[in-house]
Every structure is written in structure tokens, then in C-alpha cells.
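Take a look at these structures.
One chain, chain A, links the two complexes that follow: it is found with chain B in the first and with chain C in the second.
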Partner chain A sequence: MVSAPTRRPRNLAGWVGKLIVAALVVAVWEASVRLWLPDYLPTPSGVVRAAWPTLISADFGKAFGDTISGVAAGLLIGCLAGTALGLATGRLPWLRYLTSPYLSGLYAMPMLAIVPMATIWLGYSSQTRLAVIALSAFLPCAVSTGDGARNVPSQLRETAKVLRLSRVRFVLDVLLPSTLPFVVAGVQVAVGRALVGAVAVEFLASLPGLGTFILTNARSFEQNTAFVAVFVLAVLGIAARAGTETALHRLMPWHLHVNR
Partner chain B sequence: MHASRPGKRLLAAVVSAVGLLFGLGVWQIVGQRDPVLFATPGRSAEALLVLTEEGSLPSALLASGTLLVIGLILAIVAGVGFGLLLSRAKLLRTSTDWLIFAAQSVPIVALAPIILSAFGFGLPAKSLVVFLTAVFPIVVNTAEGAHRVPTTLLEVARTYRSSEWHLWKDLLLPHTVPYAMTGIRQGIAMAFVGTLAAEFFLNASGVGGLLLAASTNFDSATVLGLTLLVSVLAVGLMSLGRAVERYFARWRAVEE
Partner chain C sequence: MELDGLTMRFGERTVSRDIHLTLDPGRVLAIVGPSGCGKTTLLRAVAGLIQPAVGTVRIDGQAVTRTPEGVAMVFQHFGLFPWKTVEANVAYALRVSGVPKKAALERARELIRLVGLVGFEKSYPHQLSGGMQQRTGLARALAVRPRLLLMDEPFGALDAQTREVLQFEMLRIWQDHPVTMLFVTHSIDEAVLFGDQIAVLNGRPSGIAELIDVSLPQPRDRSVLATAEFLAIRERVWNLIMTGQRD
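After this line comes the complex of A and B, so read on.
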């Protein structure tokens, strides 16, 4: 729709537009807190001022470490188990039918709702966090991988049959490569859910971590500090998304988009 | 292949039912062995029945439903509106795409304590939480769909000097609706997450409030029953969203 010669000015206009929108957001936020909202709320200037002291503080470092180690361990367990189950359910119809009521019931459900039950079973401990994170990661991995493994393109399946590939070769050379984009898509969803799950458990079970860091600072009117932690969580989410996206392009340059 | 389809579906249903029965059996056994941490299915059903009779469950469902619907409607209006606007205003799209991406990445649950202190814990604040969790998939899908209006059709419309109003009514809207519905389907699921988050972290009300109360009382029968109820509700909402999406999917133009 845009003719080629106008391209440069448009690009420039785009950048100017981005800058204007950014300035507008910052100005409206700052002004509305100063003028109408309670003044202990986070403001852009306050968040900037609080950013460095918060990031280097020992409290934040410990909270960050607690949450990240929980998320990493939970993701590892959940994604491995989920992907394995997904591959199995994709290839074994009876297993798919057997597990589908559980998988779809749990997958549809907000993981927040599982936290009260988990705290009764596992107590107000980091085990609860690990379990909730692992389950939050397990479900999207199992569902996405299951979809992928079930829908191996029929040309590939037929070719494999014609070539009389052994079961092992079929799994290694056909099933895994064609399912890989779905595995990555599952992991991508899992990371976001795992971060949210971790924060939710920490809120409800008051476990040490970024969630509790946000909660205590928000309650003691250190909202700017709390917001820095929210910001860090958002950046982690973006980084994980970008990382999995890059992995997808590196591993499978031919496969650009996977629809969930 | 098509001949064996009904048979296959029946088999699938039977195996799924066997799986569910097996789970129920395990639940019964575990519930009898450890009545404190677990409760038998019967006791959970009884607990839900008691809650229903005393009226707290129906009123909680109503409160949660109201919250979800308010937040979702706001998200649909704002999301579809803004998404459509983005499709026509290229400069607006290039200026705000980063903002939508960034805002989408903020975990709303983590923002709950700040929303609590900014806007309190009344219905407006809780609706804001639901709105924020649900709006982004709707904006993104709507904008994506509107962006994909075939250039040929746009050019034909321009050649015939179609007015902006007619362009929207006859081309943009009908083309975008199926995409918006995909966003709304995802939005419904997210809105449910937002509802629970608002009920957990702003003020304990609705189904989330009941769950929290039962959990602090260590009432495992009620917690188990309510957790299952939430799961059933979630599946129901998801199928509702799928049905809506499928209904409008036939508007989807065949794409090349």
C-alpha cells in the first residue's frame, strides 16, 4: 500500500510517533498520580529513581534468587514431563483418551485456583511453589506437544512407511523434528505461566521471593520499589519469549509460525 | 476413514470415562486413608451441597460471574475498538505496537498489590484487573485480522470511492470479526484468571473468596470440591468461547 519512495519519511514518522506516545504515557502517568491519585503510588520518575538502589539491594537479590531458582527448577521438571507425556499422547490414542479429561480440565483452569489445595497438601513451603510452577509448565507443554505429535504431516508418515523406517528411527527422524516447533511453543507459554504461578504462590503462601517483595513493599508504601520488581518480572517474560523465538528460528528456520 | 469416525469417537468417550472412573476410585481410596489432607468425593460433594443450601455458593457464583462479565465486556469494547482503529491508522499502529507488547508482558497478578493501593478493592478496581488480563489478546488478534484485509478489496473500494463509513461497514468489520472472535475466545479464558486474581488479591469475594476461606480453615473437602468446580467452570467457559469462535469462523474469507 505504501509506495517505495515514501518509505524513509514514514519510518522516521514511526519513530517520532513512538517517542511521542512514550512521552505521553509517562506524562499522563506522572501527572495523574501527582494531581489525583494518592501520592504514595508509583510514578515514572520515582520508579527510575528507585530502580538502581532496588536492583543492587540485598533484599531484592535474595528475593530474585528465590523466585528464579524455583521457576527454573519447576520449568525443568514441568516442561520435561509435559513434553514427554505430549509425545506419548500424540502417538498413542488410548493414552490420549485416558488422559484427556484430566489434561483439558487442568489446562483450562487458572492455575491460581490450584494454590489453596496445594497449600493444604504441601504446606506453606517452597515445595508448594515448585509444585505449582511445575504443574503450570507441565500443562501447556503436554497440550502443545500432544497437538504437534498427533498432527505429523501425512506425507511424512507415508514416506516413513514406504521407507519402512523402524520405530526408533521414526521417532528420531520424523516425529521429533516435526513436533519441535510445538514443543517450543509449549515452553514459550509455560515460561509466562510459571512466572505468574510463582508470584501467585508467594502472595498466598507468603513465601520469600519476588511476589512477597512486591507485596511487602506495596504495603509499606514503597510502591516505586514494588514496581521495579514488577518491571523485572515483565522483562524476564519478554526475555524468555525472545529467547524461545530465537531458538525457534535457529532450530527450524523453515518453520516460522506455529499457531497454538 | 469417515465410516470409522463414530466408532472411534465412542471408543474415545469410553476410554475417557474409564479414566475418570479410575481417578474417582483413587480419590475415594486416598480420601479414606487420609481424611485430613484429602476428602472422599462424597464428602466434597456434600460440602458443596451445604454451601449451596446456605446460599453462599450461589451468591459467590453470581458475584464472580458479574465481575467476569463486566471486565470482559469492557475488554471486548476497548480491545476490538482499538484493534480496528489500529488497522486504519498506520501511524498509530507503528507508534503504539511496542507499548502493547510491553504492557502484554506485565504479569497482571504481580500488579495486584499496586492496583489495590491505587484504586482500592471495590468493583471498579476488581473489574480493572479482569479488564487488564483480558484485553491484550483481543487487541492483538483484532489488529492482526484487520491488518490482513486483502489489498485487492481495499483497492477496489478505493477505486469506487467508497466512503470511510462504507469501507468499515462492508469490508473491515465483516473481515475482522472472525479474528476478533479468536481474541475474544482467548480473552474469556484470561478474564477467568483475572476474576480469580481479583478475588484472591483485592478482596476475598466470589468463588475465589470461598476457596481462600476454606483453605485457611483447612477444610480440604470444600477446597477440593470448589477446585473441581472452578475446573468445570473453566472448561465450560472455554467451550463457550470455542463455540462462538467457530460460529463466526465461517465469515473467514478463504485466504491465499
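After this line comes the complex of A and C, so read on.
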């Protein structure tokens, strides 16, 4: 109660500070390109000027649609499959024993490394992109959900036993909710990795999409236009993160209190 | 309930040895002993959560292999589901024992009133103090009208004041809703306050040093604390525990 009045100005000061830093970065960027650097480099003012025409252009719309539909489908497949496997490995020690070397190995490996092979197996097609995105999303979901599912707090296990819960009840009413925060954490990482995977595949396999949009524009000295697409990708990543955070707080206000 | 020659082991280590105890319906048996002497382990065996190395736990003549029907437990660490509200936590125990939804909710509200949590029905455990969480734990255990209630240091995780408040409130609740109870605690006062009989555990591995009958009249309240008999029993338990410590 007492600290409330002092917190407000500090928040305000924080915001002012952030704005000042942002303004400085933009100013230094703009000034250095204008004063010393070649003028085909992007500038903040150039990006702002390019923003609207780019966003409404048919090229951008198509690229955006291609990438987003790939990311959405890949995320859906990867997250569902990963979460399902994670739950299973959390419950079945033998399955965990058999799969964990592959899961942790693949999880640590940069997905980009398999793209050249994937293009040969699946062709220079949107299937390759879908596969890479799905795999990129699958791994963090499987690993995180697996961690959560095998670490149901012992206190809750005991409560479940004393309440004589059936297996099905245990899975639905105890295992799932106590693992849910880990599922969300997995999905958050998956979204980031999916976006990276999508753009990387488009670069390497020249598939139509935001990655290729960036590449073509950058190479034809339309760097301001390329930058608009970069910002769009950044905003997507931030929005996904903020969206899942908000959902977590709204729907699972208890999520920080499962493991204590 | 009957413990017949119970020996509890973890690997090579024997925690307690040859425990014989009987608890008759309607009575309260308090088990008191220093921390680490194996009280929780014993209670977990009664609840069927672990199996004794030697001996048998019988409840109504049936050997216990998993938690029997009608046995409820209050944990030192509450054991509430963090994703369920107070009301949902209490109602859940009823739902899984087959009570229809509406009746379960009504009974849950009744118990929430009994333990003094009106106004917090929709709160999540993490929004409550320790004392309020344990009130919820009590409500959940009592809601199913258990034939045997197991209490594992129910007030042990609470601060001294909250602990005292809840002790006397539990006494009051117990008087209005008597239930057969096995009450484990390391607090001597608590054991004397609640027990019709006190089993004092001491030694390593622990055994029952003595079984003390408490003839303090029921119903009990705060005034009991000052009676000569209370003090005498307390002293006796204290000495027994101290003797065990020296060995």
C-alpha cells in the first residue's frame, strides 16, 4: 500500500528512459547513414516511409501469407505431437529412456543444419518448410512437457493417492494441470524457433515467403522494404510471446505455484 | 485401526521398530515424538502410501495396501491443488467419491463455513495465508465424513500464533463433529490437547516408549492448559522424549 505512490514515478521514469534510449538509437542510426555510410543502407525514416506501401503491396501480402500459413500449420502439428510425446515420456519411464538421447540431442542441434538434406528429401517445396517448422516446434514442446510431466510434485501425488484417484482421473485432473505451465513454456520457445526455421528454409531453399521477400529486396537495394519485413517478423515474435504470457496469467493465475 | 508389529525401513535403515497400536472408533490417538523419529512414515503406512517392512496395518479388520475408502488425511504441507479454488479443492474430494456435482458444492460450502473461510470460496491457494490453506485442507478432509482422519502435523508449517488459533478452532470443530482421529505431532501440548491416548515415540530406531491415557474431560478448550493434569501429562511426555534423546 505504502509503496504504491513511489512505484508509479519509477515506472514512468523507466518508460521515459526506454524512450530516450530508443530515440538515441534511431538518431545515431539515421545520422550515421546520412553522414558517413552508403545511401543504399536502410534508415529509420526510410523504413517508416516504406512501411505502408510495403504492407499493402501484393508481393508482401503473398509472402506474409505463405510464411504465416506454414508457421501456423507447422506449429500446430509440432506442438501437438511434441506435447503428446512429452506427456507420454513423463508417464512411461521406458519411453523416456528410449527417446531422451534423441530428443535432447536434436533439441541442442541447430535446425538449420538439416535444411540442405531436407530439401533433397522433400524437394524445394513448402513441405520442406512445414517439416522444418514442425520439427523445430516439436522438440521444445516434447522436452519441456516431458520435464513437467515427470515432475508432478510429490505432495500432489500423495494427495491423489489418498483421494483414491483412478488412473484416468490422475492424468486428467492432476498430471495435465500440473504440466500445463510447462506446455505453455514449450510452446513459447516453439514459436520463436518456428519463425527462425521458416525464414531459414526460405533463404536456403528459395521458397516464397517473408524470408525470400527480405532476401530479394535486400539484394536489389530495397533495404528499407526488406527492413519492414524484418520488423513484421519481430512484431510477430513479440506478439506471440505477449499473447501466451497474457493467456497464462488470465487462465492460469496459479502457474507459478505448482512446484514449490 | 490396528498397527500390528510395524517395522518401517528405508533401504538398510530402520526408522521405527515393532510398533503395536490400536485406535477404537470415536477416539483420538496422538502420536508424539521428536522430528525425524518416523511419525510421518508411520502415518503414510496407515494411509497405505508405503508398505511396512514387517507387520500389518488393519483398518476395520482389513489389511491396508492402498488408502482405504473413508480415510482422509491432512498434510503438513496442505496438499491442495494449486489450480483449484478453495471451493473446488473441497468439492473435488466429494466428487471423486461419487457425490453429484450440486450436492458436492453445497457440502463444500457448508464445510467452508465451518472452518471460517466464507468469502474465500473462489480464491486460489496461493492467494491465501498458510493458516487459511490448512483450513481448506481441513475442510476437504472433513467434507467426506471420514471414518478415520489422519493428521500429519497439521499445524506444523504455521507460525506460532496461527497455530494456536487453529488448534483451538480444530478442537471446537472436533467437538461438534467428532471423528476417529490419528493425530501426529511433535508438539507435546497439541498431543495432550487432542489425544484421548498418547503414544510417545522415542529412540533410534524409534519405538513406543509409553502409551498414556489422557483423562482430561471432553470437551476441551483453552482452560485445559492450566489444569494440573495437563501439566503433569505434559511433564511426563517431555521426560520420556528426553530419555529417548539421551540414548
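Just so we're on the same page, the second predicted complex is superposed on the first by the 239 of 260 C-alpha atoms of A that agree within 3 Å, B and C clash if a C-alpha of one lies under 4 Å from a C-alpha of the other, contacts with A are read in each partner's own complex, and residues count from 1 in each chain.
Convention: a contact is a pair of C-beta atoms (placed from the backbone, for glycine too) under 8 Å apart; a residue touches a chain by one contact, two chains touch by 3 or more.
The shown structure was predicted, so the numbers you read here are calculated from the model rather than taken from an experiment.
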item	value
Touching partner for A:I238 - first (chain B), second (chain C), both, neither	first
First (chain B), second (chain C), both or neither touched by A:G90	neither
Partner chain(s) touched by A:G70 [first = chain B, second = chain C, both, neither]	neither
Which of chain B and chain C A:G148 touches, first, second, both or neither	neither
Touched partner set for A:A218, first chain B, second chain C, both or neither	first
Chain B versus chain C as contact partner of A:V162, first or second or both or neither	second
Partner chain(s) touched by A:G209 [first = chain B, second = chain C, both, neither]	neither
Per-residue contact with chain A, leading partner among chain C and chain B	B
Set of chain A residues, in rising order, touched by both chain B and chain C	none
Complex contact set, residues of chain A against chain B	1-2, 10, 13-14, 17-18, 20-22, 25, 37-38, 40-42, 93-94, 97-102, 104-106, 108-110, 112-114, 116-117, 119-121, 192, 195-196, 199-200, 203-204, 210-211, 214-215, 218-219, 221, 223, 226-227, 229-231, 233-235, 237-238, 241
Chain B - residues contacting chain A, complex	11-13, 15-16, 18-20, 23, 37, 90-92, 94-96, 98-99, 101-102, 105-107, 109-114, 116-118, 151, 154, 189, 192-193, 196-197, 200-201, 208, 211-212, 214-215, 218, 220, 223-224, 227, 230-232, 234-235, 237-238
Contacting residues of chain A [partner chain C, same complex]	155-156, 158-159, 161-165, 169, 173-174, 177-178, 180, 252-254, 256-258
Contacting residues of chain C [partner chain A, same complex]	44, 47-49, 66-67, 69, 71-73, 75, 77-83, 92-93, 96-97, 124-126
